[in-house]
Structures are given as structure tokens and as C-alpha cells.
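Below are two complexes that have chain A in common, paired first with chain B and then with chain C.
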Partner chain A sequence: MSEAATPTIAADTTQPVLSARNVTKQFKVAGGHITAVNDVSVDFHAGKVLAVVGESGSGKSTLARMLLRLMPVTSGTITYLGKDVTTISGRELRDYWRDVQAVFQDPFASFNQFFTVGHMLKRSLRLAELSEGGEAELIEKCLGYVGLKPDDAVYKYPHQLSGGQRQRVMIARALMMNPKVLLADEATSMLDASLRVSVLNVLQSLRAELGLTVLFITHDIGQACYLADEVVVMEHGLVVEHGTTDEVIFSPKHDYTKRLLADVPDLKGSLKSRSWQPDAPAAVTTRAIDRKDA
Partner chain B sequence: MSRMLMRASNVTAVYAADDGRDVPAVDDVTIEVPEGQIVGLAGESGCGKSTLGNAMAMIANPPLYVINGTLEIEGQSIDLRTLDPNANRRHRKYRGDVVSLLPQGAMNAISPTLKIRDLVVDVLRAHDRNYAKSDAIDLATDRLKMLDMPTRVLDSYAHQLSGGMKQRMVTVISTLLNPKLLIADEPTSALDVSSQKALIEMLLAMVEKKIMSGVIFITHDLPVLSMVTDRLAIMYAGKVIENGRTEDLVHNARHPYTAALLASVLDPTEDTRTKHVLGIPGSPPNLGNPPSGCRFHPRCRFAMDVCTTKEPATLAEGDHEFACWWAKEHPRQSVPMEVSHA
Partner chain C sequence: MSGINPGNVLTEAEGAEPAVPPPVSGGKAKPSWRSLNFGARFWIAIGIIAAISALAFFGSALYPYSPDEKVGGLYDSPSAEHILGTDNFGHDVLAVLMAATRNSLLLGLQAGILATLIGVLIGILAGYTGGWLEELLMGFTNIVLAIPAIIILILISISLQSTNIEFLKGFTGLALVIGITAWPWTARAVRAQASSVATREHIDVAKLSGARTPSILLTDVLPYLASYVVMAFVLQVASAILAESTLSLLGLGPSGTQSLGIQLHWALAFQAVASGSWWAFLPPTIVLTLISFGFLFLQSSLDEVFNPRLRRGKKKNLAKAAARRAEAAKKLAEQATTTEVPA
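Entry: the complex of A and B
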């Protein structure tokens, strides 16, 4: 597999970077088993963002864990750049983990509270097998991708960073490995709306600048709509709908997709009966109020 | 406007920092909840919304000190100040009976080794040591039936329930004593959209059935708030910068911060598909040393000279209140949204 060098994947739509074929995962439970992921086949093309959406328990994260080779598949194959990686181990697996990086939901859980961010980033670099010396520059460059200056992060402890900063540090950490594929599992769901947009914008620009392939797992169709080229909808371990973002979100075929879309809270809508009319401008005057007198 | 259920006035809460300074996380905030309404409290992480919730629920523990504020509810006036370490004990009666707080991540606090029915008994006995076990279970069963929820949940352990069901259960349990006011802190944030909707519908049913007389709903998720709330208060850096009827704020934001938050919302619509949202540049200020003048001015697109030096007074148009120099100069105009389209 490749050295840690600038990614040179051309936008090739014929051969996928990463692909899952008939992947199934069963968990044993008392009196039988549960099929968490059921015969799923998905292709990830270079420089594209593919979103996997579905409610809790639909198998999104299990699929991600198998793609990351953090969990063995029950059946099926995972192919990376044309090579079967379903059962690789040792050196090969390490190389795979360098190319396929992940960012998870809770940025706080991914940090060791006792180490500074700089220390954590340097430890991660062991996997990149850099020669001595280039570390500081690489850390600076990758923090730059996510809009952080080294002074903002390197000497700080995790609790001194905001949630958005922590998540951006995790993305920077993943980028230091110079990955071909970035897997973001609910990476923005703990962030508030304005930070969420800034992290999504980071992912968008990385795709444009580095040709990164992104697998974006979310339960929020709005985020998929903003970022993704393709959307896969999962329900109870099955892929129930798969298509371009426009197809899936604006003309959904499957009932489950329609229900997911209907459940999305709408900023301009309401569950309460309202008959809102803007006040006639002339009727409203701007006045000062003083709480202390009230 | 309908009758006022609760009014928390001039609440100031500080965190005592290691270097001896006080960091005001909530700075002279006044908030009202009309009878039978749901009031949303929104803002970025770290703006003080949870701290305000804790102050109103009287669970401020060191290093958090409430140094000013009174809470008027149904004719009672309660001093919110952290006066002495025993205040905690003194206010036990108040918590759960008058104001109930559903803290962030409450659903993860259910003991894994107890059935939900045991939690029900524990909670009720914390208020009345002699509460009969059978009465407690009966109360919970009736409440679940009233809300069309399955009563078998009482015999389950936490791990047997989905996240959405756990969150609905802690909400039901925290309101068993019919508090006047429920303060729900980020109740929907960890849930997927379908569970969010179920919880929201349950909350609305609870208010309608008068289980509680009012709710303060704390979250940064504006679409959820706009679905469920009657009024919204937006906080920034420890202050309420805009507050009014939900429709007024959503359709006619008067503060640039509110407008920026609204612009960051990603609905699954054609508009979202093509727009590029910039988010809010910079990060929230250090509350130990807040910016002079308007606290939002370093990040504001409309900042003028006056914004950097003088704190804006609170203005009102009808019952829509806001504190912004730009809004003062542009009466009755919504803040223009900044969004670029691809």
C-alpha cells in the first residue's frame, strides 16, 4: 500500500476506492442472533461524500466498524483499491488503518485527559512512521486544514478546548495520516449548529483540496443534504434506498425514507397550532425597557 | 399575554476560578414563563444556558455560586442566592415539587442494576420517606397510561430500553410530583429524529394535560425549539440578547447573533443543497474577560463603533425584546441573512 504521501487519487468513477460487497454482521444473543447489517453492498468513489442515514439501531455504526476493520464481518467482502482487505492482518492492516481514518461522535471520549493535544497528536504520528523532525510542521499543516493555529491547540489540554475545537482536532489528527478515506461517524451530532456548519465546511473543503473520500454517518438528513453527493438509507440493517442526494431527499421512493424526512423538525413549521401574522409595522414602536424598574 | 407562571429576575451566577476571580456565566438575566407555555432557551455551547437552568433549579454547587436573583412562582418569591452550604438541604422540598430539572444526559443516569420501577420508588421516597411502594408504582402506571406509553417499561432494566424510551421515562419520572415548572436541559440532543419527535409530542401532551404548568426547554437545536416552544430566549455570553414569540424570532430576527444561528440551520430542502453557510466566525468570548460594549461585537457583521464601547440597552417592539445597536438604528427590520449560493 502507499507511503504517507500526497494523495494522488484521480476522480475515478469506475473503480471505487473502498467497497463493501454483501456484507453481513450477526451478533449472538440469548436464543439466536440479531442481524445488525444485512447483505449491504456500497461503493465509495474518490473525492465523493457518501452519507449513510438511518435512526438509532439501523446498523450504520456497525457497518462503519466493519469497514474500519475494527469488527470482523460475518460474511461478505471489503475491498480497498481493488484489494480484498476483509481478513488482512499485521503490517497490511496497519497500512490500511493509515489510509482509512475515522472521527467518532464524542470528541471528549477520544482524548486522554492527562495529555496535551500536542502530545496526543505526536503519539498518533507513530502510525505515520515519519522521520524525526517533520512532526511539528505536519501538525501545523493539518491543524491549518481545520482552521486552527498551533497556539490554539498544541499546548492545551482537552478540557480547555470547546466541543467544536476538539472535534476539529480529531479531524486534524486523522488528516495527519494522509488518509484516502475519512469515515465520520456522527462526528457533528454533539456540536451546536454554527460549529456543526464549520466542521461540515472543513469536510467539504478537504474533499475539494485533497480529493478525500468521505463516509458521513448521520441521523440528520439536513446535514446529509448539505454535504453529501450520495445518500444511503438504512433500516434494521438493510439498505432500503440508495441514490444521489437529490433523488433520495427530494423524491424519496421508500416509505422509511419518507418517514425519516417527515420526522425532521422544521424551523418554519410547528407542532403547535399557530396563526402567526407579522404585526403591522406601524402598530409597533421600538421602546427602551429597564428591567430593574419592572 | 397569558398569566405569568414564573419569573426569574436579575439572575447572576459565577464560577469561582482558581485564581480567585469570579467568572460570571450568567449575567443579570431575567426570564419569564407564561402559564401553560413552553419557553425555549437557546445559544451556542458555553453561553450559560445550562448554568441558568441549574441556578433556577437551585442545584448550584461550588464552584458555581448564584450571587443574585429571585424566582417568583405562583405567589411565592424564592431567593436563588447560594447563601450557605446547607442551602442544598433547605431547598430539597422545592426541587421536584416546585421546579424539576431534567439535567443533560439524565437518561444515562438510570442505574443499570435496578428496574425502572425501583427508580420510581427511589425518586418518590426522596421527597417523602414513607411513600408506599405500591402507591408509587400506581402513580407511575397511571401516568404512563395517561401519556399512551407502555406500562411494561416499569419492569425493564435500562439496557432493555432504547435511548428515546429512556429519555421519555426520565422525563415522566421527573414530573411525577407535578412540578409547576420543568426545566429540561438538552433532552433531545442525543436522540435521532424519530425519537426526538416522540419526546416532543409527549412533552406537549404533558403540558396540555397540566402535569406541569410550564416548561423551560434548553437546547441549541433551533428546529426542535421552533416545533415545540411558544417563546424563545437566545443567550450569548451569559446574557439574554433576544427574546420573544417563537414565530417572531424565527421569521423576524432582530439580533445578528439570532440571525446567524438561524442561518446555520440545515433543513433537508433544495435551499440547503445549494447554499454555503459560513457559520459564525471566531469563538465565544472568555467570560472571565468579556469584550467591552456588546459582547457579540468581535464576531458581528454589523458592528459599529458604538458596539465596541457601550453595552446596548434592551429594546422592545411589542413583546419582542432585543439588545442591539444595529436593531436600534434599523427599527422593525429583520437582520439580513448571510448565505451564499453555489
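Entry: the complex of A and C
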């Protein structure tokens, strides 16, 4: 597994492409507020895959939405190529979205079901830097990156595509802008196992071929291990562990990371014996940890 | 950007794409509206509204008498010549009824369109943008909602009668007044739906594609509200016709013209009920009831069309499915019997 996680990619480790510094997000609720993301600082380096893992409600998606500037931050700064993008709007924001794109969790909800895939892709041409008459070529090229042909998708409505095809179309849409950073927010969680591998391989290939920086948000630590160079573990809005995939997965230091690893289903079918009490310690260490220790 | 070897990309396993229908000739997909399942209730409602509209818009062209023509005396009984008799002015009741129905329907449409436009505009802006704009727009909506509409309608109708602007004295003025007092419910319903749609992922995708707010509202939010907007519009038309009838019945409607409410007003004023002249008040009452029933039935049937959970399916399809299941069960039973026979 560790071999798959360390592809031969030339990475720029000097200056981060995208960076979050002391980012906090609070939501107002009756009688106070909830802190969804608490003082998080993360750097994204060129050509690297950074996975953010954590259980539901840990603040992963909120962090992604703030990085995408789809949600304002309560405090902290987000910088892209050294420029503060925390409060940009209008044309500046659209320029930012030309470089930072996303693929979301639900491959059906991401589509406007009233229009064809072709309509949706053509809409994205607005941000694509395009020469006259190159629309069809660009659509064909980007669908080609994800193994689709225009006839497979362009004239179809979203409900006429399978889950995997829909998610691949979404990746193609993001690629039309020729982005530098791609945020995949639980992009594989609603797909079955074979389609999940397909999408993970697409991301892997895109990173290798196009040098994309990928932020891969997942609750599945196995997928993070398969794809990522670095892993950030979040719990209740806080980053509890951050390091290379090998460090975090094979030598976890924080109890929460150990619990997450203990909850990875065992292929041989032995269920973990850990109780579902929130504070219960992980009773069974993972096979991966055992192997590493040995 | 260099291309990726398609061989690296795993394609879906065979059989994993059951949702994909066979390609349609010409590569174009079937439009989604064709999959709507209009039930019997929808067609009954459409039938009622179509019949009344035919009476209103085509009847007068075929009928020999004009609604302003004096053809008899006070409350002449129905006869072969005048099917519904005459009214207090000696006008043919059927001719007046047809003109009145046309005017009431047109007023209902004008007021319904206006109320729906205002309601949708305020609701969609409030629901999509949220924040202070939503607070402001919904605060204003609640204020309008808190004031009883009938009081505003009566006050404005009285003032319209004394205005010098001819345009406002007629039905258009009344439609305007009904329209600008009837939008708050639509605004509230649309806001609730718009704020729900605004959180969907396809809105984020549209933003990331560089779409601006007006384009998102028109392309990504409004189509998702279309069913609510259509249903609200149908209700607005029905309630506008009833509101006009109420005002006209009270004698506050436009003067010198016909409407179902005005017809009822004169019937009451000239003692039609006391004198037993049922033909003067019963026909407009029945038409008014049918219009309200037709539109409300249409609204309820549209709810069934747009909301799959309320859809009951066609009876013949249900019967076919039951027959298929019975056939399959029979075959299974036969197979079980043949395999159980000892060798």
C-alpha cells in the first residue's frame, strides 16, 4: 500500500501553492455558536496529494468550502501563490476559481438535473481560457482525461449516466479550467468499490500527468493511504495529527488516529472488538501497524 | 496538458450502467417533462377549466345576444329564446354570464401573474442570498401579511373609484390591487424552497464554473422551484377571482362592466333571491364554484404530478403488474411441484 502512496512526482516544497493560516469557522446556533474548524493551518505543495481524514462532523468539508471561498472564514487567512484570497470577490474570485476547482461528494446532486451534461460543460467554458472555436475540442480533451467520449455524455441528462460516469464528468468539468489545485470533497464516498478505484486512479493519473495539487477529503483512511503523500487528521474541528502518509498511517501518535485506523474494516472479516463508547480505547491495533512495528 | 493513457482509467464493469438507456436516435435525450405522469384528476381539472374558458371566450361569439342589449323585462323566466331568462336590466343572463366569466378569468390571470411575479422575485432573492437581505425582505413580507388583505382591498377599491386615471378604474386597476396584496404567501413558500435549493451542490458547481448570481437564480434555482411556482400561480388565479367577486358583491368593484361578482351584486340588490328568480343568481354562483373547484383541483393534481411520493400510478399498470406477479408465482409453484416428484 505504501508503494502506491509514493509515486514518483517532482514536487515543489519551497512555497505552498495554497495555504490556510489559523483558519477558524464558527456557526451561530440558538444560545451560542459552534466551532466547526478551529485554528487550522495547512499548506498544499505543488504536485502533491494531501488527504484530510476524520469522521463526520470533524470539519473537513467546512475547511474545503472555506478554501474554495464558497464560505467566508470567521478568522484566519487563506493565501494562494502568496496572495491573500480570504476576502476577494467578483472578478478576482472568478480568477481564483479558474485555478482552484473542486469535485463534490454527491455525483447526482452536483448536476443541475434540468440540463444536459453538454450544457453544464459549456457553462464552464466561461472561465476557461479558450481560443475562438475551441469549445468542442476542449470538452473532448477533458472528457478524454477521464476516459469518456463526448458521445457518451454530452447529449445526456445526468440521470442517464451511471454514478461513476457522473463523477468523472465532474472531474472533466473541473479540468476544463486547467486548474492548479483540485479539491475532492468525499468524491468517492457515494460510489461502489469498483467505481471508487476508477475515480482514485483518475486522480492519481491526473496528478502524475498534469502536476495537479490535490486536496483529497475523505472519512476513509484506506483511500487516503492509497492516494496521498501527506495526511491531515481532523477531530472536532482541530488538526490532531499531520505528517507524511507513512508517518500518520503506520506510526500514528494521536489516540484519535489510532481509533480511526482500528475502525478500518479487516479484509479477513474479523470485526474489531472496540466498543462503540466514545471514549473507549482502541483494543485492536491494525495489521498495518503490527507489520510496521515488526 | 498532456493526455492520460486511457488504459490507466478503469472503466465501469459491464452491467454497472443499468441507468443508461439505449441511445436515442440523433443523440438527443428525451426531454424530462415527457416523463411526467398526469393523472385522471389533472385531466378532470383541465376539462372543467377548458369548458368554462370555452364558454367565456368562444360562447359570446356564437351567442346571438349582447350582454349590453335589453332583450326583455325584469327577471323574465328562462325560455327557448333566452335559455337562462333575463336579469334586472332585461339583459340576457347567459350573454351576461359569458362576458362576466371572461372578465373574471382575465382579471384572475392578470392578478395571478402579478402576485406570482412579485412573490417569486422576493422569495427567490431572500432564500438564495440569505443574511440581511433575507431578514429585510421577509420582515417586509410579514408586515404585509399581518395586515388583513380584504381591508386594504376595500380601501384601495374605494379610492380607485374616485381617481381620475381611467386605467385604474377598470378591471386592470383591480387586478393590480389584488396582485400587490396577494404575493406574500407565494414569497414565503418560494423563500423556503429557494433557501433549501441554495445549499445544494449544483449551486456550488455553478459558482465554480464562473456563473453570476442572475444566471444561477434563473438556471439553477428557478427550475427547481417551478413546480411550487406553478401551483402557487394556480392558487393565486383562483383566489384573485374570488377576491374580485367578494369586492364586486359588496358593490366595490368596477362600474359599467360585467363580472361574476357584479352579476351577483345586482341579483341581490334587485331581490332576486326573495322573488325566487334563481336564474339571476344561481348561474354565476355555479360558474364561480366551478372555477374555484377547477383551479384548486388542478393545484392538487399538480402536487401529485410533481411530487412522486403522492403518485398513485395508473390502474391499468397496477393491474398488469399484479397479473405479472401472479403469473410468476404460478410458474414457480409449477416448477416446485415438478422438482418434488420422486424419481
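Basically, the second predicted complex is superposed on the first by the 257 of 294 C-alpha atoms of A that agree within 3 Å, B and C clash if a C-alpha of one lies under 4 Å from a C-alpha of the other, contacts with A are read in each partner's own complex, and residues count from 1 in each chain.
As a convention for this text, a contact is a pair of C-beta atoms (placed from the backbone, for glycine too) under 8 Å apart; a residue touches a chain by one contact, two chains touch by 3 or more.
None of these values were measured; they are calculated from a predicted model.
When the two complexes are overlaid on their common chain A, residue A:162 makes contact with chain B and with chain C alike.
Shared-chain residue A:112: touches chain C; no touch with chain B.
Looking at the shared chain after the overlay, A:30 reaches neither chain B nor chain C. By the touch criterion defined above, A:197 reaches both chain B and chain C.
Contacts of A:226 after superposition on the shared chain: chain B is touched, whereas chain C is not. In the superposed model, A:246 makes contact with chain B only, not with chain C.
Contacts of A:265 after superposition on the shared chain: chain B is touched, whereas chain C is not. Looking at chain A, you'll find residues 162, 164-165, 192, 194-195, 197-198, 201 touch chain B in one structure and chain C in the other. If you check the complex, the residues on chain A that touch chain C are 65, 68, 70, 94, 97-98, 101-102, 104-106, 109-116, 120, 123-124, 126-127, 141, 144-147, 151, 155-157, 159-162, 164-165, 170, 173-175, 178, 192, 194-195, 197-198, 201-202, 205-206, 209-210.
The touching residues of chain B, counted against chain A in their complex, run 9-10, 28, 30, 44-46, 162-164, 189, 191-197, 200-201, 204, 220-224, 226-228, 230, 245-247, 250-252, 260-262, 264-270, 272-273, 275-280, 283-284, 313-318, 321, 327-328, 331-332.
In the complex of the two chains, the chain A residues touching chain B come out as 55-57, 162-165, 190-198, 200-201, 219-226, 245-246, 249-250, 259-261, 263-272, 274, 276, 278-279, 281, 284-292, 294. Across the interface of their complex, chain A is touched by residues 1-6, 8-13, 16-21, 27-29, 32, 200-202, 204-211, 219-220, 223-224 of chain C.
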